[in-house]
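Chain lettering (A, B, C and D) follows the sequence in which the chains are written, and residue indices restart at 1 in each chain.
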C-alpha cells in the first residue's frame, strides 16, 4: 500500500467521522450523509487504480458494480417512506453478507494454518457477517409482511438458540486452534446464517428498528474485522465507527421505548393481544363517541389545539389530511401545535418524517419535554392514531409493560379526542383507561377519513 | 518497544480518554482526574523497567524525580484556592519547557541532517514548548502580581511580535531544510522564549485564564510532537488530546466572556479605566445609598432573595459571610438562591468553587439560563461584588465592549442592592447604569464587612 | 502482519470506538432512523475489501465469491447513501432559521 | 522511522484530535478551570519522554538536559494532578443526588 493510498484512506476516514458528526444534528444531517459519500468515493478511487487485476478480476468487478448500482439505487429511490426500515435492513444485510464472503475468500487465499492475527478476525467476520445477513433478511420479511410480524416462538427456543451459539463458538475455537483445511469455514457460515434467523424470529415486528440497528452495528464490526484481515485501516476505522455508534444507538433506541435492550431482544414482547383486551376492557366502563360535526365545532371554537400523532396516522397515510385540518383551524385563529413523542409510530423520528412530508412547519413540532406543560392550558388534545404514548398506565400501573415510559400529558387537556378505528389497544397490547375518561370523545374510523370529515365540519362551523 | 509496553501505553491512552470524559461532567470530574493519574502511572511503570540506563542516566532520573515530586506536590497543596489559575500556569509552563528540552536532546542525539520526519516535529516542539514555557511564566507573574496585571503595550508592538514570529518561521525552515549543525537550535529556543514573553505581556491580567488555556493546548501539541520524534504513541495520544480539547476549551472560555479569541489575544482590552469612568459617570445622575440596617430589614422581610456573586466577593474573601447571611435569611423563611453567571469572577467556575468552599448547597447555585426568568418574581437581587455580569449595557448599547454578552436579569427584581466599595466599574471598565436605577440601593464598603453587618442587621430585624 | 502493525491497527480500532460513542451520545431521537441508515451506508466501505479480493480472482470459486462480494457491497453502498439522502431530504427547509425571517411569518400564533 | 509508521502515527494523531474535540464539546462552564488543570496534568506524560532521553545520557550536556527535563516534567505531572484533585475535591458532596434523600431536606424553600 503506497503512502498516497494510505493518505487517501485517512482523508476518507476523516470524512466519515465528519459525516457522522454532522449526521447527529438535524440541521446538517443531510450534508453529513453527503460528506460520508464523498469519503466513500475517495476510498474507492484510491483503491482501484493501484490494483493488479487479473482478467477475471476486472470483469467480475465491473459486472458486480454494474449489477449492484441499479439494484441499490432503484431500491432506495422507489421504496415508500413508510417502508424505509425494511429497506435499511436489506442494505445492512447485504453489507454483512459481503463482509462474510470477503473473509472466506481471504482465508481460502491464505491456505492452511493462517496466523492467529488473520484467523481470529476472519472467523469473527464470517460469523457476525452471516448472522447480520440472515437476521436482516428476517427483519425485512417481518416488516414487509412476508412473515408474520408477531413473535414466532416455540417451547425451548432459548435453549435451541443457546446451543446454536455454543456450537458456533466451539467450531470457531476449533478452527482457529486446530483445523488445517479452509473448507471447514463453510459449516461456520451456515451456522451463522441459522443463528441469524433463529435470533430474529422470536422478536416482534414493531421491535425491528432496534434489531436492525443492532445488526447494523454487527455489520460494522464484521467490516472492521475484515479490515484487520486485509490490513486495511479505512475498513477498520469505518467499520469500528459504525460498530460503536450503532451499539450506542441501539441502546438509545430501546431506552426511548422505555425498555431494556435485553427485554427487546429476548422478551418476545410485542404480541398485540388485540381481540381479548378490547373485549374485556369494555366491561362496565362507558365510552363517549362523537360525530365529526360535534368535534369539528369543538375544534373550530377552541383557542388552542394540540395534535398527538401516532402509528395509526402513518397506517392511514393521513399526514396531508392532518396538515389540512391544522391549516383550516389556523385560518380561524386557533393555535395548533403537534406533540411528538419520541417513540410515536414504529421507528424513531417516524412522526417527524411523516409530518415533514406533508410540509408541516418544523416550529410546530414540539418534543415531549417542550410541550408537556402546555396541555393543561389546551382546549383540545387531538389524538390521531396514537395510543400507548398517551396511556396513563405508564405512570400509574407498576405492573404494566410500559410502566416507567414517559408519556404525553394529553390527559391534562380540557377535552381529549381519540381518532382510531376501534377500542383495540396499541403496540404494547394494553388497555388505555384514558379512552374511558369523561373528558374523552371517541371519533371512530380510519384516521384519514375522519380527518377529512373534520376538515369539512370545521369549514362548515 | 515490546508489545507489552505498547499495550500498556494503549491502556494508559484509554485511561486518559476515559478520564477526560469523566472530567467533563461535574459528578464524575474528580474520579476522572484520578483515572487519568492511574493512566500516567501505568505509562511510566511500563517505560522505566525496560530502559537500558547509563549510570548517569539512572542517577539523573532519580534525582530529577526526587526534586520534582516535592516541588509539584507542595506547590499544589499549599496554593490558595484563589491562586489556582497561576499555579496551573506554572505547571503548564514547566511541561512546555520539558517538551522543548526533550526535543533538543533528541536532535543532539540524531546529529546532523536528521530526517524530515524527525526534524519537523522537533522544531515544532522546541518553538511551541518554549513559547508555552515563557508565556506561562509571564501569565503567572501577572496573576501573582509580580508584574502589573494591566496590559503592557508600546507603539508598534504588534509589528515587533510579527517580526519575531516571522524570524522563528524563517529559522525553522532554514533548520529543517538546510542547516547541518544541531547547535543552531539554541537561537530557536531563545527566540521562542522571547516570543512567549512578548505575546503575553500585552494581555490583561483578567484575560489570563483564556491565555493559560491556550498555552496549555500549546504544551499538549508540543508533547504530541515529541511523541512523533520519539515514535512513542502514548505521548502522541495524550498530547493531541490535550491540544485538541485545550483548543476547544480556549474557544469556549472566550465565548463565555462574550468575546472572540482574537479580541482576547490581540485586543489589549482589559485596562480598567477605573478613575475617570467613575468620575464622569456620576455627573447628573443620582445614586441612592443605604445603611446596613435599612437593607437588613428589607432582606429580612422579603419572600425571595437572589444573590448575584461576582469578582469582588472573591477579592473580599466573603464566601463564608455570604453563606452566613443566606442561612440567617432562610431561618426566617426567606427563599434564597444564587445566580451564577458563567464568567462571574476571574476564572470559569470561580464562583462555584468559591461558594462550594463555604459549603453552599449545590441546589441553590443556579446557572444563568435556569434562573433568569425568576428575577421578575424576586423581591431583592443582592449583587455582591459583581458588576459586568448584571450590566444592561450588554443588551442595549451596541458600542459597549460587552455588548452581546448574556447577562443576569437583576434589573427585573423589585429591589436591587449593590455591595461594592465605590462607583468604579468592573473588569470591562465600563459604567453600569443599573447603579443609578431608582430601584437600586448601594451598600458601599468591602463585601465581607458589609455582609457581616447585614447578618447582624437581619438578626436584629 | 507483524506485531507492531497489529498493535497499530488495534490502537486505531480503540480510538475509533471512542469517536463512535462520543459522536452519537448527543443525537436527538428524531435522527435515530436516519443515523441508523447513514451508518449503514458507511459500512459499505466493505466494497473496498470486496474489490481487493475480486481483483486477483483466478479459479472459479474465487470468481464466484468475488462477484458475490462486489454485488452485495455495491448494493450496500449505493442503496445506503441514496436512501439516507431521501430520508434527510425531507428534513431540509424545515428549519429555515435565517431564511424564514424573510418570508412572511408563519401563522403559528394565529 | 519509515513511512508506514509515520502514517500510523499521523492517523492516531488525527483520531485523537476528534476525540479531544468531541469530549470537550459538552463541558459545562463550571468545569472549565478544573478541565484546564486536568488536561494540564495529562500532558505531563512528557515525563515518559524526559526519562527516555535521560536514561541514555552520557556527556555533560545530555546529563544537564536530561536532568532539567525530568525535573520540569515531574513538576508538571505531580503538581497537575494534585492541584486538580484539590480543586475537584470541593465539588464533591455537593450533588448528593441519592444520599440527599436520606438527610433532612434542605431549607432551600423556606
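Definition applied: contacts are C-beta pairs under 8 Å (C-beta built on N, C-alpha and C of every residue); 3 or more make two chains touch, one makes a residue touch a chain.
Everything quoted here is computed from the prediction, not taken from an experiment.
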| item | value |
| --- | --- |
| Chain pair with more C-beta contacts, B-C versus B-D | B-D |
| Chain of greatest Cα-centre distance to chain C | B |
| Whole-Å gap separating chain A and chain C, where each centre is the average of the chain's CA atoms | 15 |
| Inter-chain centre distance, chain A versus chain D - centres from mean C-alpha coordinates, in Å | 40 |
| Contacts with 2+ other chains: residues of chain B | 17, 21, 233, 237 |
| Touching two or more other chains - residue numbers and ranges from chain C | 4-5, 11-12, 15-16, 18-19, 22-23, 26 |
| Contact pairs between chains, per stated definition | A-C, A-D, B-C, B-D, C-D |
| Touch list for chain B against partner chain D, complex | 12, 16-17, 19-21, 23-27, 29-30, 32-34, 36-37, 40, 43-44, 47-48, 51-54, 56-58, 60-61, 63-65, 67-69, 71-73, 75-77, 79, 81, 84-85, 87-88, 90-92, 94-95, 97-99, 101-102, 104-106, 108-109, 115, 117-118, 209, 212-213, 216, 219-220, 222-224, 226-228, 230-249, 252-253, 256, 330-331, 333-337, 340, 342-343, 347-350, 352-353, 356-357, 361-364, 367 |
| Footprint of chain B on chain D - complex, ascending | 1, 5-6, 9, 12-13, 16-21, 23-58, 61-63, 65-92, 94-95, 97, 106-110 |
| Residue ranges of chain B in contact with chain C within the complex | 3, 6-7, 10, 13-14, 17, 21, 233, 237 |
| Touch list for chain C against partner chain D, complex | 4-5, 8, 11-12, 15-16, 18-19, 22-23, 26 |
| Chain A-touching residues of chain D, taken from the complex the two chains share | 3-4, 7, 10-11, 14-15, 18, 22 |
